[in-house]
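In the two assemblies presented below, chain A is common to both, partnered first by chain B and then by chain C.
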Partner chain A sequence: MSQATMSSGQTYKPGEHPSLPPPSSVKGPIAWAKENLFGSITNTLLTLLALYFLYKIIPALAQWMYVDAVFTGESRNDCRAQAPGACWAFIGSRLKLFIYGFYPEPERWRVNLSAVLLILALIPVLFDNVPHRGKALIYSCVYPLIAAWLLVGGFGLTRVPTDQFGGLMLNVVIGVTGIVFSLPIGICLALGRRSNLPIIRILSVSFIEFIRGVPLITLLFVAAVMLSYFVPPGTNFDLLVRMLIMVTLFASGYMAEVIRGGLQAIPRGQYEAADAMGLKYWQSMRLIVLPQALKISIPGIVNTFIGLYKDTTLVIVIGRLDILGIGNSSLADSKWQGLSTEVYVFVAVFFFISCFLMSRYSLYLEKKLHSGH
Partner chain B sequence: MSEQVHDLSQAAPSLLSSKGDDDIIQINAMHKWYGDFHVLKNINLTVKSKERIVICGPSGSGKSTLIRCINRLEEHQQGDIIVDGIELTNDLKNIDLIRREVGMVFQHFNLFPHLTVLENCTLGPIWVRQTPKKLAEETAMKFLEKVKIPEQALKFPGQLSGGQQQRVAIARSLCMNPKIMLFDEPTSALDPEMIKEVLDTMIELAETGMTMLCVTHEMGFAKTVADRVIFMDGGEIIEENVPDDFFDNPQHERTKLFLSQILAH
Partner chain C sequence: MTTTVAKAGAGTVSEPNALLTLWRNRKARSVIIQVFTMAVLFSFLAYIINNAVLNLQALGKTFSFDFLNEPASYDINQTLIDYTSRSTHGRAMLVGILNTALVAFCGIIAATILGFLFGVIRLSNNWIAAKLVYVFVEVTRNVPLLLHIFLIHGIVIHTMPGAKNAINIGDVIFLSNRGMTIPKPIFGDGITFTVVAIAVAIAAIIALWRWAKKVQEATGKIYPVLSFSLAIFIGLPLIVFFASGSPLTWEVPKLGRFNLRGGLVAIPEFLALWLALSLYTAAFISEIVRAGIMAINKGQWEAASALGVKRSWTLRLVIIPQALRVIIPPLASQYLNLTKNSSLAIAIGYMDIVATIGGISLMQTGKEMETMIIVLFIYLCFSLTISSFMNWYNKRIALVER
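Coming up: the complex of A and B.
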């Protein structure tokens, strides 16, 4: 209150009143809590209720996951003999299977190397303040080829058939491929849907509507079974590649609609200003319209990415074992029976971390691109 | 572009470079429809190089549509429009050629919000005129100084006031070194205290000999600057005259009514 009396006590000539700092009642942690947690009776009740639930859940969860958990052991009975909590020893004993699937043991360094290279390739794409970004981006563009070579082999490396891909690695391969290719395809489809050229518009609309009208599982079955009817007999069209194509196309259809939403939010004046300046169609799209439309679409784009990433577990329907599939099949081991909670919690945590990182990055990007309008 | 322009006073095209006679815009018997609505009816207009024309009229009279036809933001259906010796047809090449020579300033500024003020000004020269980035930036800074906001160059448009944004929009157009400038109600979206700064910039530009077509309700501006005032109503050019005669001695009943309405207060 002292500041309030001070400011009201002092008089200034008209036009000379300085800007004063706000009183403590509108700033600081206590003011924040008062405003946001205990602002009204309903608000206070909800806050207390939430605190009660957290009090009930968090200690019990911590107890199970950490305090009473067993980290080393030979079997389920071994675990149970030690403590009543989670039996992480099970996950630990199968960790390599969870990560690499059936990728041959002596070749697993290739998976590790491509993971490291993936992170290096992502850095210049995700952050624009990296030194020598231009050159680094060239590497990022070449990375998919390097990764394909490392993972599949050939040209000096032992070939690893793609049906030996599995576990977390399979999720990442499908997820990253889908994410990388669905964005540009989605952009083209979205622009195509708004095109003045009827043929391009009709093709884009039919593609998008078809993809959105059919469940992903159906498309994966089509990829697994039917596609071989359409390719000439004798050609070996790898099943993993077919899956990658289907997942990518599926995500592109959704992506196109998300981006179209962004395009529609761009005022007509922006197109007109670009036209009046003499920019050609692709120039005005690339320099003016898409940067703004994509920025608006970031939440939707990341939403689609996250959905796609989680949908990678659907490959189980065509007989490939991703991290969830490995977990499921591990449960059949008689030594470790009855530990499904541990497996599903582990898989859930893996997906949660990946998806949470994506959503955090999208928030960072939104903040960074905010240009004060 | 060897004759890169660094100064408003040089921004006007030299008479030598204009093709043929010095009629820089010729519009003959031009009609335009929006669907069934006949929005421009038999427009005939010739603009000489360096001429400054103010177009006024009630809203919906087609005045904005008229100047938007000149750089093909709107398509006309009948008649000819010839700009700087190039006829406007569906030929995209001609449209691009004309748009390079015609700058436009919009009512709502239409700056690119994701680019800084400086980038807004260099975008056209770099991508359309293939000017080297450094030279484009120098030119842009010179024009930003001319419109008196060089210190805002690195800000985003959203951080500027309306008047400042409109001055950036003028600088952005001038950076393309145009032969003609079109103004589509440049002050209509501004607060009264900002109108003056934009009009001052436009008057300064007019003094350099730029060919200008302005759709505006600022009659004071018309009186000081215009060589000719054109009054439109219902899609037709009702009357055109030098400012003194236009304001003091309007010929047409419709013009008298319009002038009495806007000059009443």
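Coming up: the complex of A and C.
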């Protein structure tokens, strides 16, 4: 008789003994810690270092952000009199400015409405199991026009000068416009780069390489100081439009490379099959190649959008106040001086949440596309 | 009568037919499309250049780069070469280029080291360290770089103590709201010998590597190349240095009554930009490194150990060469991004190319066209240099397929 049956006092027929739990040195929290935290000397040192870091950072951060923080107050001194932590009252008092910028108060429903419409327009683009997706996509294509009309005005709505655009709204306007208009341009550039016609190819390659070789800031400077030289004398066009043109061109250079990756991933047989069917170039692109290539490129397009969305904060260097610019300029208020950390942390948390969600979506999409093959 | 009508009719019908046949001919069509594209492009260029000329005339401006020889009359807070406010705009541009190059160079080095470190930690089986790095990477990647720069600049400027109570690290390095002060090397006359010795040592090491590789390929005999080259690299310059009478002294910063004196000062703007660029890019590089190492098939490890190759050799001879092939192309684009992102310097007043020639010089001279063309051109040069170097390196380590 074996040891186990002796101890439990039961007898089993040969081969029917129930499996014993693995010993604690192989499985369970202790074994896990031994394996994953204290496996070797370097590992142990690393663990201790990490724990020490957490011990130093977490309590101090919690203290500053929540325990000692002040949520209501009239000025910085008011905050400091209550507690030494973060002064969130400042953010609270400026929240509307952070979102709408200087958009006139009575017209702000237009911003809200276009935000709601934007979300509705995004649903059919992002999820492919929406009912009536085809019709909904037409609405998504028309949406930029509706939003432009709502935000700028005219045709029955009060006109809002574009220099009153600001805050988060400006970030979203620039980011969305850049990505929407860069998509068709990017497709053309990507096709041009893979074209058989040498001149078309050279032009596409030099445009893409130029755009990718210079920083966005310099292009924004070009928009601010140089672009108005290239229009006929006497005409004057809006700084926001000039900025949008440059941002669109910038994004289309990156978009072209993302789509080129998608085009290259399509097996050669697809191109050859399209040729064999007697389809012309544009027919084969429109019906066979691009639908497949664009589908593969969506994660890359989302990543490009994340990058562009983060880069919209750069408009600050040509004097436009986006969400970060509003934060920066409100620091000049003598009532609230010296609260830069609060402002930056608030804006950082905001960007982190939105960009993190977008990158999760892109990962989800990548996984979904991957399983298809 | 009827014949002429028929002829005329035939003529009008055959003309579009000829065009159509021309259009249906593949070669002819491609020529037509390209000529048409060029024509559209050139007329567009002619149009905007004409507009620019008219606009410049209307404003009474000329298009010339002569302003580069005029005095700049503004100060720059960090100059690597001699510069005063009486120097020319051209000189200011040079200072700006050097400042961009400095922050890009330091940033690339720091970002590479940190990025590889973080990437390896994320792959290690230490759960807590891997998770900690994961959180760091996600937070850093998903926040705009400009915000990082502002935040670090704000911390250096507002929360560091004044120069009087600077944080003292071993009486050598001082941290204050004026930046970081480190000892400044002062080179004596004989330093050239040491520099030459370093160059000779590097050349000797390369020759040693080549020779050792040849011997190994021919006979299979392995020499301890690494320890030999370390000995050459440290030993030779050191011997020459002492033989030439130690021509190097350090100017250690001293904490005076009110201020720090002496030493080499890294200004807060440089520190903020450098740290922000390095951390931001390191987050991206760590992901690239992680993906590169994960892309190597597990079978490679197993095959190497089946052949009896030591674990440390497996990493060096089998895994890393293959991982580098995956890592290098995206790494190159990260280096490019870092260099381009250094243009955010203008937001905190670090005087790089954009801030000098594209900022203050532009304001003072009103030469928007010329200055912007210079700035764009310089960035293109930077980008092309880095990408051609990385392409060369990539080609060198690329898989030779038969």
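Note that in this section the second predicted complex is superposed on the first by the 269 of 373 C-alpha atoms of A that agree within 3 Å, B and C clash if a C-alpha of one lies under 4 Å from a C-alpha of the other, contacts with A are read in each partner's own complex, and residues count from 1 in each chain.
Throughout what follows, contacts are C-beta pairs under 8 Å (C-beta built on N, C-alpha and C of every residue); 3 or more make two chains touch, one makes a residue touch a chain.
Keep in mind it's a predicted model, so treat the numbers as computed, not measured.
**Q** Taking the superposition on A as described, I'd like to know which of chain B and chain C A:Val225 touches: first, second, both or neither.
**A** second
**Q** Does the superposition put A:Leu54 against chain B (first), chain C (second), both, or neither?
**A** A:Leu54 sits against chain C, while chain B stays out of touch.
**Q** In the overlay, answer first, second, both or neither for which of chain B and chain C A:Leu37 touches.
**A** It touches chain C, and chain B stays clear.
**Q** On the superposed three-chain arrangement, identify whether chain B or chain C touches more chain A residues.
**A** C
**Q** With the two complexes superposed on chain A, say which partner A:Pro215 touches: chain B (first), chain C (second), both, or neither.
**A** Second partner only.
**Q** First (chain B), second (chain C), both or neither: which does A:Gln292 touch?
**A** first
**Q** Quick check for you: in the superposed arrangement, does A:Gly134 touch first (chain B), second (chain C), both or neither?
**A** Neither: A:Gly134 stays clear of chain B and chain C.
**Q** Is A:Gly15 contacted by the first partner chain B, the second partner chain C, both or neither?
**A** Neither chain B nor chain C is touched by A:Gly15.
**Q** Which partner does A:Lys310 reach: the first (chain B), the second (chain C), both, or neither?
**A** Only chain C is touched by A:Lys310; chain B is not.
**Q** Please report the chain A residues shared by its interface with chain B and its interface with chain C.
**A** In the superposed arrangement, which is not itself an observed complex, chain A uses no residue for both chain B and chain C.
**Q** Can you check the complex and tell me which residues of chain B touch chain A?
**A** On the chain B side, the touching residues are 71-73, 96, 99-100, 102-104, 106, 108, 110-114, 123-124, 127-128, 156-159, 172, 176.
**Q** Which of the residues in chain A end up touching chain C in this complex?
**A** Where chain A meets chain C, its residues are 35-37, 39, 43, 46-47, 49-51, 53-54, 196-200, 203, 210, 212-218, 221-222, 225-226, 228-233, 306, 310-311, 313-314, 316-317, 324, 328, 338, 340-341, 344-345, 347-348, 351-352, 355-356, 359.
**Q** Can you list the chain C residues touching chain A in their complex?
**A** 30, 33-34, 37-38, 41, 48, 51-52, 54-56, 58, 121, 124-129, 132, 138-139, 141-147, 150-151, 154-155, 158, 336, 340-341, 343-344, 346-347, 354, 358, 362, 368-369, 372, 375-376, 379-380, 383-384
**Q** Which residues of chain A touch chain B in the complex?
**A** For chain A paired with chain B, touching residues are 267, 269-270, 272-280, 283, 287-288, 291-292, 295, 369, 371-373.
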